[in-house]
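Right after this note come the structures.
Note that subunit A is present in both complexes that follow, paired respectively with subunit B and with subunit C.
Presenting the complex of A and B:
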């Protein structure tokens, strides 16, 4: 299991489009992913869950990931959150 | 207090009564997206099926979103296309799906309502966020919920759960909706569409539920839970009645109920006249749910089962298996009683999808009933096969509607033989059955002596016979005043048919509305008819009437009636000659029956 903290860089935070993009990634993952913001944790494969966190630009989130390909996925996620677009 | 005076200061809507009576109660607005607004309870056994239905709708909704995206692909911005992706993601959201499924399980409610509840919860959650951008997303969820609910409704509906008795208000009511409603909680129907011959009208009359149609702007004028009154005598709908108006109708309703109590007494009467002649009363039915009425009202059989209601019920043409399943329930309900199954009477005002592309100038003079079925011989054969397979106790009577020429019955008999041969080759045992025709077209009445040699029984459909004899469309308000089954021409035709059937020694019955209207019923007795099929709840009324009559000598009046010149004269004659009976009838029935 990996726990990692990220700062979300994208312009409007995790609004609909980036959240949809994020789901496209997380749904590929065979295992569990959660996203935690300010102590509220949601299923990382649930778009509604992610939207409900209201993640804005520069917010910090903690990703918890557990599964066979966790290493490679945490890298992909890191790239994703670091993107500024 | 005089009601006409009261109505001067009470707004009301004019409509058309399609099922008589007076009713008042709370309005229950049946929106077409009603599934969302009100929870429908499902039983424990139904939960699994309901969840299955939800998953199927979910898949269909996903397909639909994908299609929408594909269709727009080249024409819109990436931003908009993303919305479809997001919607797709929501439809795949494990949390969203899980919550809906859990809601169905935990609360025992239908999938539509669960979807709406869960979507609403999410909307509220997102609305709480500060960012206006996220707030806007609530619309996406709304839209999705609507798509999902639409898909669910395409997969068929769950039963509507009325918590308390109410008057159903809707633009129109489909038969499948009608069947799904709990009849004992329905006080009445108010609709904007659906005429006197609509399915709603037929079922409402059969169940004796007042119904008013052709009410405009129902959604503007009536709100859910409003007090409303249906006055079928005056063809009006009153919304939010004033105190005095309500009091008037409460009294009216009370009288009505007292009369109804008297009728319950008459239900115990034997179907025998004052001078000991037995009269045969059978039931007209259209849906399976009505079967218990046969016993409740002591009908001696089912004189007319309108099978075309099955088509509307399943919203397409059912196959052999479905039909067999359905007919078996009817034929086996009481194996001792004869069951008259009329083949699909479609066309005219009852269309099916397959016919819709073919619009006729004069549908009532056109490709209808047996004419349509003989041109679609497989359709007819399927129905006949289902009849024979269901006929395990040999109480089947097959009735063909809209017969006008001799070669039709000959061809139909050939078709029956072919079907029997096929079935026998397949090892199906053919039990006893009878073949009959509806006489509802004047040509068939005129040569009924020839028909009587070809069939086992004759059933006279007085509504159509009147319409075709007088050339009056009852649905056309300009001429409907000319429609009257006591017209001397109609009575003479019925007399011809009755005499011809007697001569050939085959039974003849009247299954039209005349059988259920006291004066017309007496006219039929004078003509010589001794067998009737009618809406079951009217049987006690007719039994009471015959208990006052001397039937053996009633035929003598024909010598006078046959020379009368108009239906008004016939009516006056009957009221005068049967004064006592008429007075009695007035004391226990409402005017609309007369």
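Presenting the complex of A and C:
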């Protein structure tokens, strides 16, 4: 299991379109992914959960990931949150 | 109001926040109006015992605890003279009391200035003592309650709060839509926050988010339940009484599956035992009907009419009697 903190760099935060892209990535993963903001934890594969968190630019989130290929996935997620567009 | 949903609020809330949150529910008037006190923090969800302070017993006081004064003809505080009040405040000035709430008659101006002198904010409420105590403690209990977030759907089915869990893609949201079609009510989809409220677990969603009362169904997209089904289909919060775990049908261990629920399953949620049902999902199963039956069974069990109990009772009875029911020979002889 990996626990990692990320800062969201995307200009408008995780609004509808980026969240959909995030779901596309996380859905390919077989194990469990959770996203945690301010202590509220949501399933990383559920779009409504992620949208309800209202993640904005420069917010810190904690990703918890467990399963096979977790290391390669956390790298992909790191790239995703680091994007600035 | 993001802070409302902060899990495990150990840092307390500021007086400013406290007063503005309670506005319209319990109106508190700032009498002392000292600047800079708005940042003081309340750190305990219960009023302190004022009598112990009068008796100069301070061990019971928790730092950041608030007190409720009563200014009525028969109350102790009312009977004190100005000098005695001053002596009382002098004796407690080393304690961290973020504020005093006073009810009953409005205190005299010189009393208020006394509180100002010792830097204790004083807030006045028109409510009776019992009402003020109830309202404020209910609010503080909510703020300080331990909360956890759960991935699932919370529905109100026949007045029973049912929390449906399961892996993503198993059909929680579709089941919720089925139940909505049967005129049951949705509390939250995907992100359910639960907190303990005495002997109950209360669940709710992030109601102030733009995605509150939405459901996401595969292939359909986001659905606004409030617009589509109307206000009768939603509910702000609900006590969680049953947990339903949906599991994939082929993963069920048939040999060990308790088919008649001789031993009810429970799940520990915030130190309370909540009845849990594990339901295998297969095609051609009408889950919405099944959930309705679960809710009704639960109501029957609460009323003492549980099926398993009743059968057990009947078995015991018939074993004792060892005779065949006489109606077997009489009725319907065709």
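Quick note on the criterion: the second predicted complex is superposed on the first by the 85 of 85 C-alpha atoms of A that agree within 3 Å, B and C clash if a C-alpha of one lies under 4 Å from a C-alpha of the other, contacts with A are read in each partner's own complex, and residues count from 1 in each chain.
Just so it is clear, contacts are C-beta pairs under 8 Å (C-beta built on N, C-alpha and C of every residue); 3 or more make two chains touch, one makes a residue touch a chain.
What you see is a predicted model; the values in this text were computed from it and never measured.
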Subunit B versus subunit C as contact partner of A:46, first or second or both or neither: both
Touched partner set for A:38, first subunit B, second subunit C, both or neither: second
Partner chain(s) touched by A:13 [first = subunit B, second = subunit C, both, neither]: first
Contacts of A:56 with subunit B and subunit C, given as first, second, both or neither: first
Partner contacting more residues of subunit A (subunit B vs subunit C): B
Intersection of subunit A interface sets (partners subunit B, subunit C): 42-43, 45-49, 51-52, 54
Residue numbers on subunit A that touch subunit C, as the complex places them: 38-43, 45-49, 51-54
In the complex with subunit B, residue positions of subunit A that touch it: 12-13, 15-17, 19-20, 23-24, 27, 42-43, 45-49, 51-52, 54, 56
Of subunit B, residues touching subunit A in the complex: 79, 82-83, 85-86, 89-90, 92-96, 122, 125-126, 129-131, 133-134, 137, 140-141
Subunit A-facing residues of subunit C, complex: 2, 5-8, 148-149, 151, 168-169, 189-191, 193, 205-206, 209, 211-212, 214-216, 222
